[in-house]
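Note that subunit A is present in both complexes that follow, paired respectively with subunit B and with subunit C.
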Partner chain A sequence: MNPNLNLLIGLAMGLNLLSLGTSRLPALIRTMSVQGVILGVMPMIMEHELDWRVALIALATIAGKGLVIPSLLRRAMRTAQIDRELEPLIGFVPSLLLGAGSAIAALALAHLLPLLPEHAGTLLVPGALATVLTGFILLIGRTKAISQVCGYLILENGIYLFGLLLIKAMPLLVEAGVLLDLTVGVFIIGIIVDRIQRAFDSLDTRKLTALRE
Partner chain B sequence: MKSLLLIMVPLLGAALAAAWPCNRSRPLLLPAVGLIHALLCGWLFFAPPPVEPGAWLAFDPLARAVLPVVSLLFLICAWYGVTYLKVRHERPNRIFVAALLAVLGLLSAGHQARHLGMLWIFTEAVTLAAVPLLHFNGTPRAFEATWKYLLVGGTGIALSLLGSLCLGYASLHGGGGGNLTFVALMAQGVGLSRPWVLIAWVLLLVGYGTKMGLAPMHTWKPEAYGEAAGIVGAILAGGVTSVAFTAILRIRSVVGAAGAGTVADHTLMGIGLFSMLVAALFLLGTRDFKRMLAYSSVEHMGILTIGAALGPAGVMAALFHVWSNGLTKGALFLSAGNIRRAAGSASMDHVRGMGLLTPKSAAIFVTGMFAVTALPPFGPFFSELQVVWAALNTGHGVATAMFLGCLLLAFFGLTRVVFGIVDGRPRDGARADGKRFVETVGLILPPLVLLGLSLWLGLFQPAVLHDAWDAAAKQLYPSP
Partner chain C sequence: MIPILYFLLRLACWLVVAPLLPGIINRVKSMVAGRRGPPVLQLYFDLARLWRKDVVMSNLASPAFVILPAVAWVAVSGAALLVPLGPAGTGLSFRGDVLPFIYLLALARFCTAWAAMETGSAFEGMGSVREVSYAVLAEAAMIAAVLSLCVQTGSMSLVTMLAPTVGASAVLLAAGLFIVLLAENCRVPFDDPNTHLELTMIHEAMVLDHSGPPLAVILHGASVKLLLFAVLLTQAVVPLGYFGPVVACTLLVASVLMVTVGVGLVESLLARFAFRRVPLLLTAAFLLCLFALLVAWKGGEA
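Then we have the complex of A and B:
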């Protein structure tokens, strides 16, 4: 329906692949923050007339996902003095292939789902699914705590993309919950990352193995 | 109004605890708030207020059937907590007390949520509020447990949000006006778009199932329960998991109204049996008695889920089991906490002869273990019997056989660990530690009371409780 919207979703899906292919944490964080800004712009171009609720969500998303969280993550990265994911559980090329595969699977799956006429032409559903799957690949396939947090945030970005389908019908409360969760979640994760670093002198979650059967 | 007080009083208590200057007197806020909450909850239980159908938060029959046991469990744990925090006077307890009270307030809100979005927000908030409780001990192992809890729990909670959005879209696609109260969703019934309802069901079951600790999403549980203090384990196992369970019950009723009840029941039965099996197998292998409690909790979450799959009679049995399991597990967690402190370790490899070192706690622990493995006069025996009856009456013969088989395996696993640490002669190092662990009244009486309540639930179950569970089942299955 809206070519600009589909262009932005396509960009966000491209950024998914970029995040899967990089080993450098600053690049991963930058990719994530650019994706956050793109997501924040989307509701503004979706609506014909801009009401204050939609504008508020857009601004909060840009500020949260685009600025606050990336800067918190950069601080955590500096505290921990690491900037590379050296030994991922799923290598960078296999992750890329998985990411591309999940994008194709998402497009195929989205065709099977019934959509309202006003959503029929958009890439929102496949974009959301592909982004959620990308988040999962990062969560499972990376060993550094910061990469996993980035994976979690990309997962949340996918959920946000899906939420755009409902932005008109759902109360603001639900969207506010998303943002609150995000900021608070990362805030706490950030503290914990900091403490794990002090406790283990490393940010390698593979060393978290004292507790096992 | 009183139902809102259930939420506001603990949250105000949490704010007060955060501002309270004195480390020594702060823990007294726990029983104070717990008592007000329990009195309010009891009042609402005996005089249920009228429920406005469109209300987002209300003390409805389902909340009435579950929230009182959470309140009761919290009150007794709070009593234990005062002594526990006195023993642990070296650690600042500001955040711990505040977080514990916040968890109570948010649990009350989650149990009363009649709106899909509100339910999610409060479950998410409980998840976050419980984080400081887990790393109270401040050891590297506690951090490890907290990290896993947050990562697994956070992913689960994200998936349940995605599921909630899918259910919202099912309503929108079916012509709904964006009203996400469960009443409105159930009224829409078969008007909900079926493919979206099924996707939503899977995501919500995985999401809230993670919070509940169903296998294979249970991986955070042994770490969290194994490292957290006994009081935290009791509240997580008896309170936090129950809010996820009622969430699944509420969503199941919407899915049932949409005409996919059979699919939902099959998945619930499958995941419940799988959880019981996984828990039973891990119980046979674990060597740590606190992790043992976590696997036992996974097993009982499986029992609840199986009950939820068996129609109104099964739901009633499951609600009964929420009570009996919550109270009995509370006694186990608190006595295990005592043993853990006295022994300095939670592993069978280092702990034995606790029957001599901490005779009272060990006696409660052993009795609680028999109660939770369904020894007749205790509550869990009767609730599990009702689950079996409901299963046989609905023609689930094979499932019943598997259910009983898993219970037997779990019994072997539990007795193996429990007698391994209670029997025998104490290790030499345990006595030589200098300051011996003293079993004061404040550490013994709370788990004993919980055990007594479990017995009471089995022997003298009042009719009013039965009516409350019946009303909740009627709320979830409106057509007779």
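Then we have the complex of A and C:
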């Protein structure tokens, strides 16, 4: 239907696998921000006549996901002085295979869903499902707080992809609110990461399960 | 008479051109490093020198130590004969010749590994284990790539499979096959062909105790395998069928040259990976080929 859009979604799905395969946190953050920029470009490609609201959403998404959130995360990473995920709960090869399996499952499942005819030809739904599942795998399989935040952000990217189906019906206020929530959330997480680092001398979230005085 | 002549001509083409490729790779590497480097024809000289030498055999080794490298060489050459050379076609082609192609490559690897174990040396055993365990992953990627070509064209023969362009999945397939090429031919991110430390060797450790003509045969077989993968990669991605014979031939040679220079550049710019990170890269290659297969499949449906 729209080959450029499908190409971009395919790229975003490739970035999903990249984020699952890398062990370096800077690479993970970069992958996530590039994916955010790609998602930000999508609304401009989808609409035939460029609406100012759509352009605004796109610009805000690119700025928020491509610049503000990654820089907040990079600062948190620098203060915590870690740059690697060393012992993930789910290893890199298994999580890569899981991610690929979920992408294929999403492609197969999207056929079974009762979609509108104008959405049947695009990869939007399978891309959204695959991205959400990637986010879940990162959230479950990684132990460092920053990788888990990246997982959460990729999960949100998937939800945003799903939201693109409703781009005409969704008010600007909702989009802006989501983006603001996200930025504030990452901002707060940046502070929390610093606190975790100070209290536990590590960002391993498994240590947070033990209660202390 | 004429078909036999053509057949021999193609075989000669494969066997004579092949040792050029490692020479080109070494030339690229030395140019990047700012050295003068060995001549491009160095491998020919090496082969001639080795061919005149005697064989040194271990007391433990059976005659298989000498025979198996020859079997491996015949297997690789047979696999090369199955691959079409652009407009020149193949020496041998029949329905389902992809399967013997894959199996011949596996047979060659099996023979090299067996010959390595004949010496009873611990290093050789270690090298064989590494080579075979990487090959398991590389073969999965290779089979996925071949399957995607099969699905794309609906054919089981290498000649018709490789002729048309691959379209959207070409990029995925090219990336996947290039990684497979590097892994199968023991090039840098997987193995360092110039290493002198037995503990870090893979392919080199397997051929450590070979000498004389068997070593020449092994080296020549390795170069034929490199050419084979370069030609395969080129034909899977570049749509040679749309051009006239002369243009297609030039394009084929240029693309193979480009792949070779690419290998040389990768080798100069990249360090080899730690052993535990190799499966990750090979899994990535497998997934690239798998997604190429998926694109070919879905594209055919829509």
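Just so it is clear, the second predicted complex is superposed on the first by the 210 of 213 C-alpha atoms of A that agree within 3 Å, B and C clash if a C-alpha of one lies under 4 Å from a C-alpha of the other, contacts with A are read in each partner's own complex, and residues count from 1 in each chain.
Just so we're on the same page, a residue touches a chain if its C-beta (ideal position, glycine included) is under 8 Å from a C-beta of that chain, and two chains touch if they have at least 3 such contacts.
All figures in this text were calculated on a predicted structure; none of them were measured in a lab.
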Overlay on subunit A: subunit C relative to subunit B, clash or fit: fit
Touching partner for A:A55 - first (subunit B), second (subunit C), both, neither: neither
Which of subunit B and subunit C A:L89 touches, first, second, both or neither: neither
First (subunit B), second (subunit C), both or neither touched by A:Y152: first
First (subunit B), second (subunit C), both or neither touched by A:A169: first
Touching partner for A:L139 - first (subunit B), second (subunit C), both, neither: first
Subunit A residues touched - subunit C or subunit B, whichever exceeds: B
Which of subunit B and subunit C A:L116 touches, first, second, both or neither: first
Where subunit B and subunit C come nearest after superposition, their Cα distance in Å: 22
Touching residues on subunit B, where the partner in the complex is subunit A: 117-118, 120-121, 124, 128, 131, 135, 140-141, 143-148, 150-151, 154-155, 157-158, 161-162, 164-166, 168-169, 172-173, 176-178, 180, 193, 195-196, 199, 222-223, 226-227, 282, 285-286, 291
Subunit C contact footprint on subunit A (complex, rising order): 17, 21, 92-93, 96-97, 100, 103-104, 107, 121
Subunit B-touching residues of subunit A, taken from the complex the two chains share: 112-116, 132, 139, 145, 148, 152, 155-156, 158-159, 162-163, 165-166, 168-171, 173-174, 177-178, 180-181, 184-185, 188-189, 192, 195-196, 199-200, 205, 208, 210-211, 213
Subunit C to subunit A touching residues, read off their complex: 279-280, 283-284, 287, 290-291, 294, 298, 302
